[in-house]
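Both complexes shown next keep chain A, but they swap its partner, so chain B is in the first and chain C is in the second.
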Partner chain A sequence: MIKIKWFRGQWLHITAGKTLMYAFMLVMVAFTSLPLIFLVNTAFKPMEELFLFPPRFFVMRPVLTNFTDLVFVVSSAAVPFTRFFFNSLFVTVSIVFLTVLVSSLGAYALVKFKPPGATAIFSIVIMALMFSPHVTRIPTYMVVNSLGLINTYWALILPNIAVAFNIFLMKQFMEQYPNELIEAARIDGAREFKIFWSLVMPSMAPAWSTLIVFTFVTNWNDFFSPLIYVTSQAMRTLPLALQVIGGGPAGMTVGRAGAVAAATLLMTIPTVITFTVMQGRVMETMVHSGIKG
Partner chain B sequence: MERFKVFIQKNWMGYLFLAPFLILFTTFVVVPVFYAIGLSFTNFNMLQPPTFVGLNNYLLLLLDDQIFLTAIGNTLVFALITGPTGYFLSFFAAWAINQMKAKRFIALAFYAPSITSAVAMSVVWLVIFSGDRYGYANNILITLGLIESPIMWNTDPNYIMTVIIIISLWMSMGTGFLVFLAGLQSVPKEYYEAGSIDGIRSRAQELIYITLPAMKPQLLFGAITAIVAAFGVFDIAVSVAGMPSPNYAGHTIVAHLYDYAFIRFQMGYASAVAVVLFLMTFILGRLVMRMLSSKDE
Partner chain C sequence: MTKQKRKRKLFRVSMRAREALEGLFFVLPFIIGVAVFFAYPLFISLRLSVSQIDAIIGFRMSFVGIEHFTRAFLIDINFVPMFLIAIRNTLLQFPLTVLLALIIAVMLNKNIKGRGVFRVAIFIPFLLGTGEVMNQLLNQGVENQVLNILDGTIIPYNVLFYFGETVVMGVQNIFGMLVTVLWGSGVQVLLFLSGLQGISPALYESAKIDGATEWEMFWKITIPMISPMMLLVIIYTIADSFLDVRNPLLAYIEGFAFGPGGGQFAYSAALGWIYFSFILVVIGIVFGGMKRYIHTNEAERVKKDVSTKKKRILTIDRKRKY
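This part shows the complex of A and B:
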């Protein structure tokens, strides 16, 4: 074991096992970060490098033309690009907020109130999770259509709130919350919603932070919902608008490939921010104490 | 009537908390699922109204559809390898990162494939698994002298499944990883303090006697979602091998389903495939739940 002085007067203990672990993780991280590195590199590639064969991973001569191209394409479009951005942000944030609230309330009820039928409801949730989403798309469209929601924000938001995956996730974490603390709060005269909101939810921060990341990533990149539920230009969200920049459903007409690369990079920024903020929360929250109370 | 009153008094709060979820879930998930199950007993081309055909789709699917059997075989091979491997790797990664410095940065790198869109992913693997000698994988293997001529990774039926498995493992660990990371944060610190008093000395002992039992709910969640993801393999398979893949070597159950639903417009048959897939996942899911379920269930 080697000891090295680390900053703030801490000692860094280096053991064989730790070194091995760091080496292994470094390899894993190198592999998993490839897509992100690639995305950044591609956005700065000049046109001739974008279509280089064999393709190169790293940019050789970085330029900003892709971004200026993007500004040009965007400013010449019929619908201002800010509108797509607003649509995406509004829809995604609404879904995130509502799904966290609705799934947490539901999960809390399933685990802590356990009304008759709770087990059956949970079984149905698990079964729904296992049913292939491809074949339910058309029935879901029929439901959305018959409710008259086509071409509204509701069509983009409502079907994505009560997701089986989300309530399952919250339920698993809620199971760990000690019943004694809830009982104690009840004896102190706290109201049920207050117990849920100010006692249980704060200590569920790792769970809902994770859920926020999942939901944000999924819906921010969701291409399918706006494609089938929205018909007017002005209701489109970024993933769909990105294809318009690309010049058609194939996504990549040669002339616009640079603009698409730049836009793809810009589109990942909000997800990276969400991830960093929320993961910071997960890792820095003091773990709730189950025993001391 | 009196009993009904008592029942409501005792449980109304629970149902109230569940109400928003139940209403939305029933409308946008349960109804469509039952509709799809209903469709599996019909012929439905999405233009004319469905016509009832009884068990016909199922009989065709299970007795006559050779390609479906290939798809089941491929999916099982894929699921048996990537399911457990991905599960253990993502748990190990979360557990290791949790003890490391620069956690946030490493976690981001690990989750990156889930953030970046599918387009970026497919280009990345193309650079690596390109079928000529310029592809990084071929290049390295040739330089090392392990092979003499480049391997056609995504057209040679002998290699397609291997490539799909490697890329899937690489791209899809993010979900389980994040849940495990959050789960590790939720293990009360007191457990570890109590453990060290009770004579737990090594990290491995800590993992086996404290961390794993305390994380049972997250382990179950990870297992179920890993099974669902493994049996639902589709996107990566298609972007690697195309559709239909050479000799159906990369044909999975969901690829079969997608083929019938959105290329041949036989929604009834596709729904039957979905029901069979569901039953397979469900049986396995039950087994896993029995193994991992927490005590109060």
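This part shows the complex of A and C:
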């Protein structure tokens, strides 16, 4: 163990274990930041570097032309780009809000009320965990179609709310919540929804923060729902709009590759913000009641 | 007397019924969602896999039996090899992912300097996109560039020459594995982290007072307490690696429906069902195997409460039901 004098008269203790841990973390971080570094680098690459062969990881002469290109493409598009952004934001936020509400309520009721058929519902949930939307994509389209939802926000929102994974996640947390607290509140005369909303939910912060981050990221990046359920230009969300910038689904126009790179970089900003805001909550320790066993 | 008793009993039943009703009411939105957007489509897809489509408009189909399934195993030369590769990849990757995610989560959960930065950095691949954005990145060849340590940018040439080709190739393979696993473990780390946060610090404190070492605490407290999350993570990882966008088999299955020369919805559905029944079996095995080791809060409290044996039996019973 080495002691180093730190500022303000504090001592910094360096132990072998700590050093190893930091080294390990740094290696991990080095790997995981690669996509971001690449993304940022690509966004600033001039045209000739974008198509360099063999491709290079780092930009040599950073330029801003990609962003000016993007502004040009965006301003000349038929649908204003703010519309795509609004679509994405509206759809994603609605899904996040509704799915958090629906899955926490559902999980809470299933775990704590144990209504008839709770076991059956859980079996279905576990089964649903394993099926991807890929298998049911065509039938789901038929359902959405027959409900008359094509080309509406509902088509993008509704199918993504009752997600098995979400309720399973909430369930795992709800099981750890002490029943005594709920009973105590009930004796005190609290209404069931009140118990859920002002007693259970606040102490489930790590659970629903995780859920928010997870749902936001997946749906923000969701490419297939808008591709399938939406045909009008104005209803598209950002991932699809990226293709518009690229020059249509037939394949990227070479001249706009830079603009796509810039747009891709900009598109990740909301997810990073969401995560940074929510991550503090994820780390909040769950409230542990003063109940003694 | 008897009348009164009956009345009381009746009241009690109705209380329970009321509670159950209230519970059902809370779950209702979820049930409707699952029924409309999951169960019903699933049923149609199952029907589709044993039918042929007579008319796209109106989606009329007629029963053909297991024709599509025999085609998958006996006629389609691509399906079975791809299927085996997908299985192999998943079985190789998922223990590694879970293990690595657990290690990272435990470290991130420690009170280390720069924790926030580490946390955000670990989740970057996940934030950048599980889907299209990442796909674009991969199309631009990030993976190959990262994997390609032979070009002298990451490790200098003389070092490479010194070690010789086999070592370099080995290192490169490990690099490749690490990249794939790390880039796909964001969700797992997040889940583990939130699970770790659910562990009461009091447990660690009392263990420390009793003289437990970090290592012992990890095995005796962290692992059991995190077991419900572990189950979720394992299921998620298996399902996710099977259903990854980069999985060639999935693209193959989808190709029959949406790809060039597509429109073979029925065959695509049948392939999907073969694939997913396999996932079902794998996860079923995992679930069945792990069920015994899953730790729930109810059981924990019962252990402390030795005095009321009846309650103990009751709760253990409840735990089993799970």
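Here, the second predicted complex is superposed on the first by the 268 of 293 C-alpha atoms of A that agree within 3 Å, B and C clash if a C-alpha of one lies under 4 Å from a C-alpha of the other, contacts with A are read in each partner's own complex, and residues count from 1 in each chain.
Here, a contact is a pair of C-beta atoms (placed from the backbone, for glycine too) under 8 Å apart; a residue touches a chain by one contact, two chains touch by 3 or more.
Fair warning: this is a prediction, and the values are worked out from it, not measured in the lab.
When both complexes are overlaid on chain A, chain B and chain C end up clashing with each other.
Legend: residue contacts after superposition of the two complexes on their common chain; A:Asp222 is shown touching chain C, with no touch to chain B.
Of the two partner chains, chain B and chain C are each touched by A:Ile124. By the touch criterion defined above, A:Ala164 lies against chain B and chain C together after alignment on the C-alpha atoms of chain A. Put simply, chain A uses residues 21-22, 24-25, 28-29, 31-36, 38-39, 42, 54-57, 102-103, 105-106, 108-110, 113-116, 118-119, 121, 124-132, 134-136, 138-140, 142-143, 158-159, 161-162, 164-165, 167-169, 172-173, 175-176, 192, 196, 206-207, 209-210, 213-214, 217, 221, 239, 264, 267-268, 271-272, 275-276, 279, 282-283, 285, 288 to touch chain B in one complex and chain C in the other. Those residues of chain B lying in contact with chain A across their complex are 7, 11, 13-18, 20-25, 27-33, 35-36, 39, 46, 93, 96-97, 100, 103-104, 106-117, 119-121, 123-124, 126-127, 130, 132, 134-135, 170-171, 173, 175, 178-179, 181-183, 185-190, 214, 217-218, 220-221, 224-225, 228, 232, 254, 257-258, 261-262, 267, 270-271, 273-274, 277-278, 281-282, 285, 289, 294, 296-297. Residues 18, 21-22, 24-25, 28-29, 31-36, 38-39, 42, 54-57, 102-103, 105-106, 108-110, 112-119, 121, 124-132, 134-140, 142-143, 158-159, 161-162, 164-165, 167-169, 172-173, 175-179, 192, 196, 206-207, 209-210, 213-214, 217-218, 221-224, 239, 242, 260, 264, 267-268, 271-272, 275-276, 279, 282-286, 288, 293 of chain A touch chain C in their complex. Looking at the complex, you find that chain A touches chain B at residues 21-22, 24-25, 28-29, 31-36, 38-39, 42, 54-57, 101-103, 105-106, 108-110, 113-116, 118-119, 121, 124-132, 134-136, 138-140, 142-144, 147, 158-159, 161-165, 167-169, 171-173, 175-176, 192, 196, 206-207, 209-210, 213-214, 217, 221, 239, 251, 264, 267-268, 271-272, 275-276, 279-280, 282-283, 285, 287-292.
Put simply, chain C touches chain A in their complex at residues 19-27, 29-34, 36-45, 48, 59, 104, 107, 109-110, 112, 116-134, 136-137, 140-142, 145-146, 151, 153, 178-179, 182-183, 187, 190-191, 193-195, 197-198, 200-202, 228-229, 231-232, 235-236, 238-239, 242-243, 250, 253-254, 257, 265, 268-269, 272-273, 276, 279-280, 283, 287, 296-298, 300-301, 303-305, 321.
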